[in-house]
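Each of the next two complexes has subunit A plus one more chain, namely subunit B in the first and subunit C in the second.
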Partner chain A sequence: MIIALPVFLPLAFMIFAFLFRHFHGREYVALGAAALNLLISVILLMEVNSEGMVKMQMGDWPAPYGITLIADRFSALMVLVSAIVFMAAMAYSIQSVDTRRKSFGFYLFSFGILMGVNGSFLAGDIFNLYVWFEVMLMASFILMSHGGERNQLEGAIKYLILNLISSFFFVAGIGLLYGKMGTLNMADIAQKLMSYETMPPELNPAFILIFVGFAIKGALVPFFFWLPASYHTPPPVVTALFAGLLTKVGIYSLIRFYALFLHQNSEFWQPLILWIAGLSMVIGVITATSQFEFRKVLSFHIISQVGYVVMGLGLFTVAGLAGAIFFLAHNMISKTNAFLVAGYVHRQKGTLNLKVLGDFYKEHPLWAIFFFISAFSLAGLPPLSGFIGKYLLIKAGIEAHQLGIAFTALFVGFFTLFSMVKIWMEVFWKKTPEKSAVPIIKTVLLDDKPVNISWMKWSSGAMAIIIVLAGVFATPIVEYCTLAAESLMQPSDYINFVLKNN
Partner chain B sequence: MELVIAIFIGLLYASGVYLLLRRSIVKLILGVFVISNATNLIIFLSGGITRSGVSFIGDEAEKASLETMTDPLPQALILTAIVIGLGIAAYILALKYKYFETTGTHDLDQLSKTDQK
Partner chain C sequence: MRNIVLERIVSLFLYVMVGFALFLLFRGHNRPGGGFIAGIIAAAGFLLYGIVFGSEKVLEKIRVNPRYIMGSGLLIALLAALIPMMLGKPPLTGVWTSLAGIALGTPLLFDIGVFVLVVGMIVSIFTNIMDVLKWNS
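Take a look at the complex of A and B:
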């Protein structure tokens, strides 16, 4: 039963938020619901860790016919990490989102995102996965344009059109796949594919369409253009939430599809995925170096870091997948925290243009440390979590004799460090330029600025502590990720577990 | 019959892409609608087009055999897809209206404020 709760709890909160829109304690109710979601995901993870997999048939219809919700170790970890990210975002939003946005359903749509994300992680049926994607996308469209500033509307149009097109690719692929296979259950499709000697070529159009859909959602090269055009426009906490959750769902689905279906035609898919991974890493990181806006630099780095995860997938060894899972979890937390610090800088200075910022370390040393931890975790410095993730991936790459991609990953690491040092120098270290060429345009999003920022500080600080702890005490997490990777490499367990009727 | 519908879907995609590539935001949105409906038709076609009986098995003596029964699943899927499409259509039109109110333009080339200078 516990497996349905990560979906039903956000739904219950959304109904509450819709009925009591003007209730003044809504921030704290939202925080409480996020904490409950975190608790549920911890219980789910413990249950999955002891039993291997947990499933539920909605409405008690047996497996290939009814809708399956299934959690294995990979999806349980993803649900837990997104619960942590969501909790931090909710705590941060209490003092960083203006009252107007709050009373027009900020929390309602945030929980819509949580519901869609959790549903996508737990779906065992491809059409159900599409529906969860749409739930998540509708909520994110609204949050993207919520507030109606000019930049936001522009960003929302770009974000909306490209993501809709990706949904069309995905659903057209599902239609074609259903036409050939006659089933929508992922385990059933995988079982039928296994019974073929080679992948029937008439399935390729469906898989290509689905792959392109996921690649647009996950912002892989060459489908990433919506991301840097829109992620810097909404309020900072919304960007943090999106950066932590949305692209990762696309990548999660890609890993799931690859492990179940696409690896059966690996001579075609593996080189393609490795190439896309390498290009995403390089292009993302190089375009980031030319940016001079705090959130834009971080947005381009999302593309590069998604490339690392896909690299682990492309190796498709236990070590590679374990590294990919660890890196995905680390990236969700570090990236979110980097954006949370960007939100604080924006709140204090009214701009995120690197050229006019400065002196932030002198004025707010604590926040500088938070940024230092998350940024250098992204760059992969020991002992932070990013180092472990990159180390696992590069080691797996060398072990799998894919030296090209392993050295690309190393080389990209240096550029990541360069960008992070650039932000550090420009925002936190240098003196504020007295007469700058670029005038400061005050685009403060807040109408009422409460002096108290304790919630913001606590949420960002807690994330920074998690990053350090995940790096120092990485062994149990890496062991868990290895188990998750092993079960991903054994799709027959997944298939038997879903199709066996109790 | 399948061939006719397949060609029709192709035409819808072609016109949808043509509309997407126009400069006006209204035409862009119309293009999204057209492609959305072409995609719905793909799901419809995936169940196979047969001239056949109702797609569920009743309690009555007149039970449909597998040969004459249409596949009910694509119909359920397409219904879901249409509802989602309707929600998105309502939202995207509202967004366009708000954008026009704020900026007074519906030229896609004006959407460059968020790009790198």
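Take a look at the complex of A and C:
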């Protein structure tokens, strides 16, 4: 029963926010709903951890016909991590989002994103997955353009058009696949594919279309342009939420599809995915070094870090997948927190241009520490969580005799460190330049700034603590990720679990 | 310019459309019909009314802000998902009861929710468009 709640709870909150638009305690109701969602996801994780998998048939229709909601260890972990990210974003938004945006449905659409994200993680049916992607896209488009500032609309149009193209590819692929297989249930499709000796060639167009759809959503290499063009425009908390959740859903779906369907044609897909992973890592990190806007640097790094996850997928060993799952979870939290700190810097200085910032460590040492933890976790310094993730992935790469990709990952790690040190030096360490050539341009409207920032501090601080703890006490998490990877490598368990009628 | 004949016909026709929509709503589930199509037809009735009388008169006619109509539609549909959950069944399972020989169940509740949502949605869209176009004769 618990598995349906991550979808219905956000819907219930959305109805509340829609009906009581001018209710004054809405921030706190939203925070309460986010906390409840976190609680539900913890219970779900515990249940999944003890039983292996949990499923539910919507409307009590049996498996290949009805819509399945299924949580295995991988999706339960993703639901939990996105609940943590969402909780932090909601706490942060209380004092960082202006009243005008709040009363025009900021919380309504944030919960729309949560609903879409949770639904995508739990969907066991490809058309249902597409519907959740659309829920997420609509809500995120509104949040992206919400407030209607000029540069925001420019970013939103790029975002919307490229994501609509991605949805188009995805649904076209689903249509082809349905035409050939006669079913939409993921387990049922996987079972039918397994009965073939080799993958029938007429299915390839469908999978290529679906792969391109996911690659656009997940900002993989040839299709990443929308992300850095749009992520620096909306209010900081919206960027933090997007960076933590949206691309990761595309990557999650790619991993799920690879484990269920694509690995059966691995002589084609494996080299392709490894190449895309390597190119994403390298291109993301190199383009990031040339940027001089705080959030743009971080946005380009999303591409490179998504490459790491896809590298673990491309290895397709238990160790590689475990590393990918760990890295995905780590990245959601670290990236969100880096953007939360960027939001605070913007609030204090009114700009995020690295050239005109400075002295932040002297003025706000606590926030400098928060940034230090998340940025150097992204760069992969021990004992933070990013180190464990990169270590697992590179070790898995060497063990799988894929030395090229393993060394690429190492090399990219140095460049990531370089970018993070650059932000650290420019924003936190150096003296504020007295006369800068670049005029300070206010990029995001923030009309009311309450003096009290305790919620912002607590949410960012809690994320920083989670990053440190996930690095120091990594052993149980890595064990959990290994179990999750093992069950991903055994799709027959998943298939039997879904198709078995109880 | 007012056209008395048109106004009389349209204000009668509104009731015909809404009545037909309700007929389709309750006919649904077993035979062609259902919440969505019924909502479209009822909203089309309001749209005709709006073309002749202007958007303000439509909002006067339905009395409630379309926003609340949409919200309550969603709420009713959500109830149809949650009631089976409270009885220990998966969400959206049909739970049936009988009242004086008429079978009543959560699918009907869901259809009513969709109906209300669609009416509210379309009325809200076209009244907003009419306001932008200043279509208040």
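Here are a few things to note about the model shown:
Simple rule for what comes next: the second predicted complex is superposed on the first by the 500 of 502 C-alpha atoms of A that agree within 3 Å, B and C clash if a C-alpha of one lies under 4 Å from a C-alpha of the other, contacts with A are read in each partner's own complex, and residues count from 1 in each chain.
In the analysis below, a contact is a pair of C-beta atoms (placed from the backbone, for glycine too) under 8 Å apart; a residue touches a chain by one contact, two chains touch by 3 or more.
Because the structure is a prediction, the values reported are computed rather than measured.
Upon superposition of the two complexes on subunit A, no clash is found between subunit B and subunit C, which fit side by side. Once the two complexes are laid over each other on the shared chain, residue contacts for A:Met1 go to subunit C alone; subunit B is not touched. The partner of subunit A that touches more of its residues, comparing subunit B with subunit C, is B.
Between the C-alpha centres of subunit B and subunit C, as viewed from that of subunit A, the superposed structures give an angle of 40°, to the nearest 10. Contact with subunit B, but none with subunit C, is seen for A:Gly175 once the two complexes are overlaid on the shared chain.
In the superposition on chain A, no contact is made by A:Ile369 with either subunit B or subunit C.
In the superposition on chain A, contact is made by A:Gln57 with subunit C only, not with subunit B. Legend: residue contacts after superposition of the two complexes on their common chain; A:Gly155 is shown touching subunit B, with no touch to subunit C.
By the touch criterion defined above, A:Leu19 lies against subunit C but remains apart from subunit B after alignment on the C-alpha atoms of chain A. Here subunit B and subunit C sit at a least CA-CA distance of 9 Å once the structures share a frame through chain A. Across the two superposed structures, the residue set of subunit A contacted by subunit B and also by subunit C is empty. The part of subunit C that touches subunit A in the complex is made up of residues 67-68, 70-72, 74-75, 78, 81-82, 85, 88-94. Subunit B makes touch with subunit A in their complex at residues 20, 25, 28, 32, 35-36, 39, 42-43, 45-48, 73-74, 77, 80-81, 84, 87-88, 91-92, 95-96, 98-99, 102-103, 111, 113-116.
Across the complex, subunit B is touched by residues 127, 131, 134, 138, 141-142, 145, 148, 150-151, 153-158, 160-161, 164-165, 168, 171-172, 174-176, 178-179, 184, 229-230, 232-233, 290-291, 296 of subunit A. If you check the complex, the residues on subunit A that touch subunit C are 1, 4, 8, 11-12, 14-15, 18-19, 21, 56-60.
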